[in-house]
Amino acid sequence: MYKNIFAIGPLIQNTLILTPNPKPVKLTFLIHCPDQAGIISSVTSFLHQNGGNVIYLDQHVDKEAGVFFMRLESDFQQNTDKQVLRASFQGELANRYEMEWSIHQERIKPRMAIFVSKYKHCLYDLLSRYQSGELLVEIPFILSNHQDLSFIADQFQIPFHHVPVSKELREKAAQQQLDLIEEHHVDFVVLARYMQIISPRVIEALPNRIINIHHSFLPAFAGAKPYHAAFKRGVKIIGATSHYVTEELDAGPIIAQDVATVSHSHFIEDLVAVGRDLEKIVLSKAVQLHVKRKTMVYNNRTVVFT
Amino acid sequence: MYKNIFAIGPLIQNTLILTPNPKPVKLTFLIHCPDQAGIISSVTSFLHQNGGNVIYLDQHVDKEAGVFFMRLESDFQQNTDKQVLRASFQGELANRYEMEWSIHQERIKPRMAIFVSKYKHCLYDLLSRYQSGELLVEIPFILSNHQDLSFIADQFQIPFHHVPVSKELREKAAQQQLDLIEEHHVDFVVLARYMQIISPRVIEALPNRIINIHHSFLPAFAGAKPYHAAFKRGVKIIGATSHYVTEELDAGPIIAQDVATVSHSHFIEDLVAVGRDLEKIVLSKAVQLHVKRKTMVYNNRTVVFT
Amino acid sequence: MYKNIFAIGPLIQNTLILTPNPKPVKLTFLIHCPDQAGIISSVTSFLHQNGGNVIYLDQHVDKEAGVFFMRLESDFQQNTDKQVLRASFQGELANRYEMEWSIHQERIKPRMAIFVSKYKHCLYDLLSRYQSGELLVEIPFILSNHQDLSFIADQFQIPFHHVPVSKELREKAAQQQLDLIEEHHVDFVVLARYMQIISPRVIEALPNRIINIHHSFLPAFAGAKPYHAAFKRGVKIIGATSHYVTEELDAGPIIAQDVATVSHSHFIEDLVAVGRDLEKIVLSKAVQLHVKRKTMVYNNRTVVFT
Amino acid sequence: MYKNIFAIGPLIQNTLILTPNPKPVKLTFLIHCPDQAGIISSVTSFLHQNGGNVIYLDQHVDKEAGVFFMRLESDFQQNTDKQVLRASFQGELANRYEMEWSIHQERIKPRMAIFVSKYKHCLYDLLSRYQSGELLVEIPFILSNHQDLSFIADQFQIPFHHVPVSKELREKAAQQQLDLIEEHHVDFVVLARYMQIISPRVIEALPNRIINIHHSFLPAFAGAKPYHAAFKRGVKIIGATSHYVTEELDAGPIIAQDVATVSHSHFIEDLVAVGRDLEKIVLSKAVQLHVKRKTMVYNNRTVVFT
């Protein structure tokens, strides 16, 4: 009927901690299911009865598709047995409402790999946010089809893997990427202006977990050289679009977009310069939304709870 | 402890309609109360048990003030006895959680009076939206301290009242305004660039139900001649702010703001021209939010559910 | 080699006025020609020597196409013989630099016809600006393929012509449009959400003088039903684009664009509502730029001096 | 009468280079003087006669103050004797029109010192642009009143000076700053969230050459803790402002501003997070405008030619 295709985060470990004055644990629930009456009431009652205190709830109904989406944040006591909670949720709610769902624990940082080519701005922006503590992820490695940016990986003391890509090496490169992703338990990949097609095998391994930045206001100017195309068309506003990668190029679910005003006086190199700022801000925004579990994907569209 | 100061809309009449295939009635609930665990669960369960189907829920907690806010839209059957529903809500929920609350029925149009002076742009914008069916209100009258814009009232066939204001006439004018407001069962007033101070007596009669547009990005440039002040300060962005009127000038709860880019090449008259578009769009946006019951007021701030 | 395709405004009459203290006359010059050294110096010297005082100058070079553009505003004495000035300009400058050029006199209002179908918002916005004195044009008539909006023409006391369009009537309608345009000395036409294809004959009669508003961020979502397409694609920003009409649908030179943020919670009707505000603001902005002679067209792109 | 207070860049050396096919040298002229007829014509003719080819001209008249501003870019042959050019310009033009003026040579990079405290985002943004070649400056040193960010200086291999500030050390610190500025031939200073008052002595040494970023939409929320104030006032938009430092706190000439939309759901820490992106983008934009000689200052306002 319909299918869960949004990212499942790192599994929550079963924990049992007994401390005298435990600080609460915040769990985030992402749920979607066929729309029907009573879901909000059922879920909030369930959480209440299981010791949860709902501190945030956002919901959305796609009336056309008849699908209900919900994101909840709920505080629980430290000693809550999450294994039991998960089992109860599945038994009492998920089966009944045919839910696809996941629970995420705030304090477990997702593991994010970065793929780059030769452009520095998005990479620098991600790494400086990481270094500053703005972006709560682990970065097991940076991968590139070129050697050029290894010095930036060095600046931030992150392992760098050079995986060359060419017609002949395409399959080998995909395998190297998959091996690194598996070996390092990568949760999601960010393409920080990575100028190569991602292999369908890699996309399949990380469904809705590869985030790309395209340097145009999609769907305008999909494909190569969008700034040249924008200049030729004489647009007065340019944009950048961050989206999950699907097999169709530049056609995946959009996470975030932003735009900037330009004029006839902007030549292509000026559009590129203006675009750099858009690209890095939009990509980092999309990455943050993903990390904070604020995105859900359905029918090639995103629900973004902000 | 804390006080309900947001607008209460037109009261819902007790209705009892029996039809074979009744279309559902949409009711909007606005609730705020001291924050505590279990409110969402209690309210949604209550509605579910009383035949409601929650189609939209948005909630907010002001952690600093310890106040919980909720806006719900729920479908009910046509023959729902709203008198009974209201009594049950009060008895089962509102007392228990110390709620301030109101229910609004979508199809009852609120009655909006417009106060103007000599500027035409905001008045035209409101009236053209009204005439186009964008803005679902009744407009019992337009009031002005000048005669100049009576021709616009004529264009749209809306009664026009000339209520002059001067030092000597101030008290008399306030009384005339109050009389008109009462006589025409006015729910809220829009100051569409009305260039006179509103009397405290009028403000008191319509708490958080008088909407003003100020032609600056408040709190910058409060008071008179904000475009002159903006020019003098050399700002690169100007703004407009719509807010509920309180006794302190330009200091009421902000509903909506927007900005536009300007440069050194904009003289004061250019700022005025750019500002006109901002003013009319921001004012109409705020009016729409109010009409759609998307605003709540607390501690001189608004919660705006969009 | 290259061709002047931007609008030539109403011709300036030869005047000779002798008054004791004449207020200066402001003339606006639009010039483009093959790029070469010394043009600015030559033109400003010419104007200085002919009694002009340059109060504004903006210039642009399209390096790729090798074309120079300039817009000048210059004050002249009331009794300046413009016929002589034009002849000198042609003889001393235009021939030498192979210029395409036009002169516009500020106080002569261009004559603007409005074509509409059934949507009210853009029409109301243009008429209220006209009535308020914001938009300095004459409006000889409003034309529509439907009768619905004749009441708005009545509100503003502007002649209304109903020119039905159907497969069979297409040619006849084009002829009626052309006749009205000629009869009323129309300088330019604004399509305020006119939902019919403009005949190539009409386009030819008014090159770069028909302004359309398209309800998307072109080139994204050209053609019919852009809000449906935007919803389906799941974009996070929608836009509106005003452009000169050319034979290729939605592909003419862009004059102005603007955007607004949307989310998954916006259904198609919400996008339509958000879009209405964009459409009317962007169309009016483009019309103002055209009226103030701030646009030039070359290679299907605009130069917009702001 | 009026006074030149904008920054004078690094002096242009007198050069005499003879090469067979010399690439042209681009010089940028910044000029302001009392407004009068014929200036543009005089300057462009002078440049034309002295072998210059004007490739860009922007001009502005502050009608209120009666001051004329111009920015020109002109290509000259490599072997142009700039000493002679400067002398002629002074003799033939500057004296006659009472001009304040400066000439800047594109290829000479200005020397930019960065002052920081403990916030990383602006520093990282500037350094990553510098490292990427986006920002064409020399960075002789980073100075801080804390040791915390020395590791970032190390990452980018830039000298770091720790200059503590306290009530007792204020005068000593100012002297250390002045000594470093002089020793390293610093052209301008960027305060990348430097949380100390700059001594009047330092401001005097670098008039309109110290660029600050303030984390609010000035003049709203000047002074300390603007995000707290913005939260309290309940604004719907927050901003950041970059300005030249003058003795009056947060009151200097504004170079660039930008804003972002917020809502009731943003607590102070959310405003801080949104604000970080604004701050770094706005500061870098202002620095670029300064480096490209696109700013002029007059009457505590900027003219920014873009």
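Read from first to last, the chains carry the letters A, B, C and D; within each, the first residue is number 1.
We take it that contacts are C-beta pairs under 8 Å (C-beta built on N, C-alpha and C of every residue); 3 or more make two chains touch, one makes a residue touch a chain.
Since we're looking at a predicted model, the values are computed, not measured.
Across A-D and A-C, it is A-C that has more C-beta pairs touching.
Taking each chain's centre as the mean of its C-alpha atoms, the one that lies farthest from the centre of chain C is A. Distance between chain centres (mean CA atoms), chain A to chain D: 37 Å.
In terms of their C-alpha centroids, the spacing between chain A and chain C amounts to 44 Å. The set of chain B residues touching two or more other chains is empty. Listed in rising order, the residues of chain C touching chain D in the complex are 37-38, 40-41, 44-45, 47-48, 53-59, 61, 261. Taken in their complex, chain B has these residues touching chain D: 60, 62-64, 217-221, 233-237, 239, 253-259, 263-265, 267, 300-304, 306. Those residues of chain B that touch chain C in the complex are listed here as 120-121, 124-125, 128-129, 131-132, 134, 155-156, 273, 276-277, 281, 284.
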